[in-house]
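Next come two complexes built around subunit A: one with subunit B, the other with subunit C.
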Partner chain A sequence: MQRLKSWEGILLALFLMTFAGNVVLAPEFLTVQNQVNLFQLSIEKIIVALVMTLIILNAEIDLSVASVMGLSACAFGYMVTQGWPAGGAVVICLGVGLVAGLINAVLIARAGIPSLVVTLAMLIGFRGFARVLVKDQSMGNFPDWFTHLGQDPLVGPLPLALILFVVLLVGLGVLLHRTGFGRQIVVIGTNAEVARFSGLNVARVKTTLFVMSGFVSALAGLLYAARLGSVRGDAASGFELDIITMVLMGGVSIFGGKGTMPGVFLSILIILNLRNGMALTNITGHIQTGVIGILLIASVLIPNLASDLRARRAKAV
Partner chain B sequence: MAVLELQNVSKSFAATAALKDMNLAIEPGEIHAIVGENGAGKSTLIKIMTGVHQPDAGQIRVEGAAVAVRSTQEAQSLGIAAIYQEPMVFPDLDVAENIFISNRAEGAFMNWKRIYAAAARLIEQLGVTLDVRRAASGLTLAEQQTVEIARALSLNVKVLIMDEPTASLSAHEVARLLKIARALKAKGVAVIYISHRLDEIFEVADRVTVIRDGQHISTKPIAEVTPDGLVKDMVGRAVDTHAVKTAANPHGPAVLRLENLGRAGVFSGIGFDLSAGEVLCFAGLVGARRTDVALALFGIAPATEGRILIDGAEATIRTPQEAMARGIAYVSEDRRKLGLAMTLPIYANISLASLKKLLGGLGLIDRGAEIAMAETYRTQLAIKSPDVRVEVGKLSGGNQQKVMLAKWLETKPRILIFDEPTRGVDVGAKAEVHNIIRQLASEGVAVLVISSDLPEVLALADRVLVMREGAQAGILDIAEATQERVIGLAAGREARVA
Partner chain C sequence: MKLTKLGVAITMAAGLLGSTAMAEVIEAKPGQAVNMVLLPKFLGVAVFDQADRGAQEAAKELGNTGTYQYEGPTPENSAAGQIEMLTTATTQKQGVVMISNNAGDQIAPTAEAAQKAGTKVVTWDSPIPSGKGESLFVAQVDFGSIGTVMADMVYDEAGGKGEFAVLSASPDAANQNAWIDAMKKVLASDAKYKDLKLDDVVYGNDQSEESYNRALGLVDKYPNLKVIMAPTTVGIVAAAKAMQDEKLCDKVKVSGLGLPAEMVSYTMNGCAPEFALWSFVDLGYLTYYTSYMLATGSLKGEIGEEFKAGRMGTMKIDADPGRPGAKRVLMGPFTVYNKDNVEAAAK
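What follows is the complex of A and B.
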């Protein structure tokens, strides 16, 4: 607990530093429109990162999220191109997400195959399916209402996706830290056998989480399609790594059981601000990625070094 | 001259003093028992002797010469080694390879013939039989310990520390280990024997040292102490270690009835009645499958044959949820792996099995009620912790046991199964756990206790069910249960005993 609190303190300081850096670099950074844009650029990833937080806390992983996003986006593009009504296509795509999540869930929670293996296979499988649907084309011509939802403000300056992010952030934060279900997620992530021997339904919790992940990923895929106005077979490709990075940097233990939603939120803010600041100073995307990578390593190293140091100091006393 | 001597050794961690002015002299060829409650400083003492920790003050002498022991390697080269409850062997290597794992005298090429011969000789010196070509992965815990001891012997050990070596051993394995300790003694090796089990100490030790709160209390020849006196020294007050039998020995209608219960390939033919307020103990050797019966009752590994009746009605139990719905609770023997979420706070562990009761609207946990509930148990069971927000992993074994107990008491069970309720728990806490079990029975809970500790079985039980190799060897009323009869049934020698 102490470790987590101090980690969130470091994250908060890092966030304030990146934020202040951005303000200095570009005074217009502070406008509402800029702040909205900052989130919009990565909005689909940060939405999925919220559910990924629950999954990693549960000592599982879902590598298939970006492929489900791609599949949902491509399925939408395919159906609209085939002349289906877009409203119905949205519903079907969300259903696709539920089914994709359920496939993961059954293999992981019922058949007992490690989630790393199952979702790696599905990362490949769902992506392949998406590519089959759209072939080498780019599919666009979405109805106006759909692209409006993806690109324009809905309430005040806030677009739909950002509203959904805030709702999910608060909703899943409360779910994780205040409800019985959240407690079960953490206990199972700490020690699934202890949970089972305490009468918790481990399979049901895991099933719920993976179905949730599939659904939210499909939703994020639709938001992605709406924001860009067209889809290709590689839509959202590789996003899973950015998403997992956000979660781990937020102080969530890859072994499960430890981590908080506020920590992940701070980590998201840092990454968004850092990328923005580096873009302002003309640092290229590749170097940006490298910096984020170093930050991730540091995020795992620092807490370990700190506890090491504390142990050594305790020994020296 | 003492082979190992500690003079005024002190050690503190942060603000807490773990050892204060410790004086201890170990003579060659003696078996020297060290006893003390959990937290008395035994672990720190071992760690200082084996070079894991360095003393803040004081001196360590080996054969009269002052030495600094800065690492376990240095300790080993001085002839000091330790074996623990959980042996360290490499599962993919064979016995001989494990014995000579740290022996680098061989050079680049191994003379396997000589290694196997030398390994066989070492095992023989210990007075036991073990095939040196067997893979370590197939060895029992006791055999793995033998390997560790042989390994120490190969390094010319002068002082061998045995830390709770029998905690997970069955009765005949314990006898074997004590035999090994005597063989080492005969070879002139000093054995430091640390155990909670006083009967073993009285059987094997030459001298016994009591430590309490990091301080040396007494060192006496074993002939000059009594078990009660030892316990009194350990806890600093008199503790009643003997059974106080509750007068009531109820034989009302059976709350739980097992008819020919079995699980294919694991156990079979288990049948008994258990009334409210009755304590039935499961005795037997390790491997008698006692825990498997409990796991079947609790729905972890359901029974495949026979019937379970609760209040006279047949009950199907396929999951822990179904078992709990019928008022069954199972307090596991393995706190670390199955019992407690060690990194979570006390309150979250206590509420774990009864979370539903704490849920308000929208499934939100009533935090206030949760903390209050945990506080009640902290007071009631005397869990030693300033606060219920402390991580469970930071508590001592006995207090962890109480937290686990609190978790199950909160489910208000009617049938409570304890699996090795006092393993790794110190004498004081052991008496407390026994009192709690008796208290529960007197309140009308039907209690099943699985225990490898025979005095405990005889102290707690109204009846004793003895299992042998997955079968029911017999049920004894407490009046007819003696150590000899129980062991006889457990080992299959009843005919000779009776």
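What follows is the complex of A and C.
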């Protein structure tokens, strides 16, 4: 617990430094439009990262999220191109997400196959299905109401996706830290065997999480399609790594059981602010990727080194 | 009566003035400050670096006291990266963003937002298909005529008949898509090409390895394939190398759009006997010149305006025949390279 507190302290300091640096170096940084753009340009990833936090805390992983996003976006493109009403297509795509999550859940929670294996297979499978639907094309011409929802402000300067992010952040934060279900997620993540012996329904918790992940990923895929106004087979491809990066940098242990929602939120803020600041000061492309890579390495190394050091000191005493 | 006469005279005078204004060749006003960004499809492609050189040459000539940046996304992040960079440029209140669009119409909402905020968007090399959010398109060649050139090169290399396939860039590349469509039209409209059969169009996404594999995939899938037409400088090199590595150059020829320096060995050894290209240095130069004049108000960006674009001579804004409602500045022409002229051009 101490480690977590101190980790979030480091994140907070890092965030404040990045934020202050941006304010000083980029005069355009504090404009409302830029603050909205900062979130909006990565909005689909950060929405999915919130659910990924719960899954990793539960000592599982979902590598199929980006493929579910792609599948949902491509299914939408396919149906609209076939002349189906877009409203119905939205509902079906969300259903596809639920089913995708359920398939993962059954294989992991009931059949007992490791989530790394199951979701890796589904990363390939769902993506393949998405590519079959749209082939090598780019599908667009969505109805105006749909692209407006993805591109234009809904309340004040806030677009729909950003509102959904805030709602999910608060909702999942409360679920994780203030409810019995949240405690179950963490207890199972710390030691599934012990949890099972103490009478927790491990399978039900895991099923709920993976279905939730499928649903939210499908929603994020639709938001992506609406924001860009068209889709292609590689929509959202590779996003899973960025999403997992955000969660791990937030101090969530890859072995489960440790981590908090505020930590992940801070990590998201740092990554988005760094990217935005570097872009505004004309540092782009490979250097941006490099800086964030170094940050991730540091975020994995520092806590480990720190605990090593403590262990050694404890031995010495 | 007098009034009417006067009215007529004024109308005539105005008409005269108007017509001289139309015919007048507009000159640039050097030495002004415009912040400009050249945004290629992505970084690490030789022809885009050449366009950067041309743009810098124009910047020097025009004595622009504003800033100039050449920046692009990484290849695997091209479409989303371009949208992000155009958004950032708008926030920075850049004067003009010159973009070789790789995001199809996905970039249109962002371009419209940029225009609204006062950042002009000029496309070059690859336009916004719908024309939405775009001030002008600086076209390297007439997109219709490139279709004829592609069809003719296939015709030559296939010996007038046989099967061929297209290896393109990305499915969202507006330029390649337009050229392939133009080529299909030419093939269908002239009996000369009736014995040519287009088997497939595949996409290597302008990645060397992906394009290489796609080329080999085509050969496996279509045993009677005679020509691979790759209208992209990355795809054509990859395809030629694939055929050379697999010792297939006697059977399958490669053609398309290529850079002489990258293609010279394949042209000389017969793997890619013929290909075409225009000067990307000139394209970058003309794009910068046009964008500068647009941003400084010398050009209004209206159809019919003629202007002097430095060493490129007099250029004209006209309607883009391929995209209703969109406007273009046509550069042209292109050069067809073969073993007679490729070595000189490669130097």
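Basically, the second predicted complex is superposed on the first by the 309 of 317 C-alpha atoms of A that agree within 3 Å, B and C clash if a C-alpha of one lies under 4 Å from a C-alpha of the other, contacts with A are read in each partner's own complex, and residues count from 1 in each chain.
Operating definition for what follows: a residue touches a chain if its C-beta (ideal position, glycine included) is under 8 Å from a C-beta of that chain, and two chains touch if they have at least 3 such contacts.
Keep in mind that this is a model prediction, so the values were computed, not measured.
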item: Superposed partners subunit B and subunit C on subunit A - clash or fit; value: fit
item: Which of subunit B and subunit C A:284 touches, first, second, both or neither; value: second
item: Touched partner set for A:33, first subunit B, second subunit C, both or neither; value: second
item: First, second, both or neither for A:183, with subunit B first and subunit C second; value: first
item: Partner chain(s) touched by A:136 [first = subunit B, second = subunit C, both, neither]; value: second
item: Subunit B versus subunit C - smallest C-alpha distance in the overlay, whole Å; value: 40
item: Footprint overlap on subunit A, where subunit B in one structure and subunit C in the other make contact; value: none
item: Touch list for subunit A against partner subunit B, complex; value: 1, 174, 178-181, 183-184, 186-187, 190-191, 193-201, 257-258, 314-315, 317
item: Touch list for subunit C against partner subunit A, complex; value: 43, 69, 71-74, 76, 79-81, 83-85, 87-88, 91-93, 103-106, 108-109, 171-172, 201-203
item: For the subunit A and subunit C complex, residues of the former touching the latter; value: 28, 31, 33-34, 37, 41, 136-138, 140, 147, 151, 228-230, 232-233, 238, 276, 279-280, 282, 284-286, 289
item: Complex contacts: residues of subunit B adjacent to subunit A; value: 12-15, 53, 298, 300, 319-321, 323-324, 330, 332, 337-345, 348, 352-353, 355-356, 358-359, 362-365, 389, 391, 407
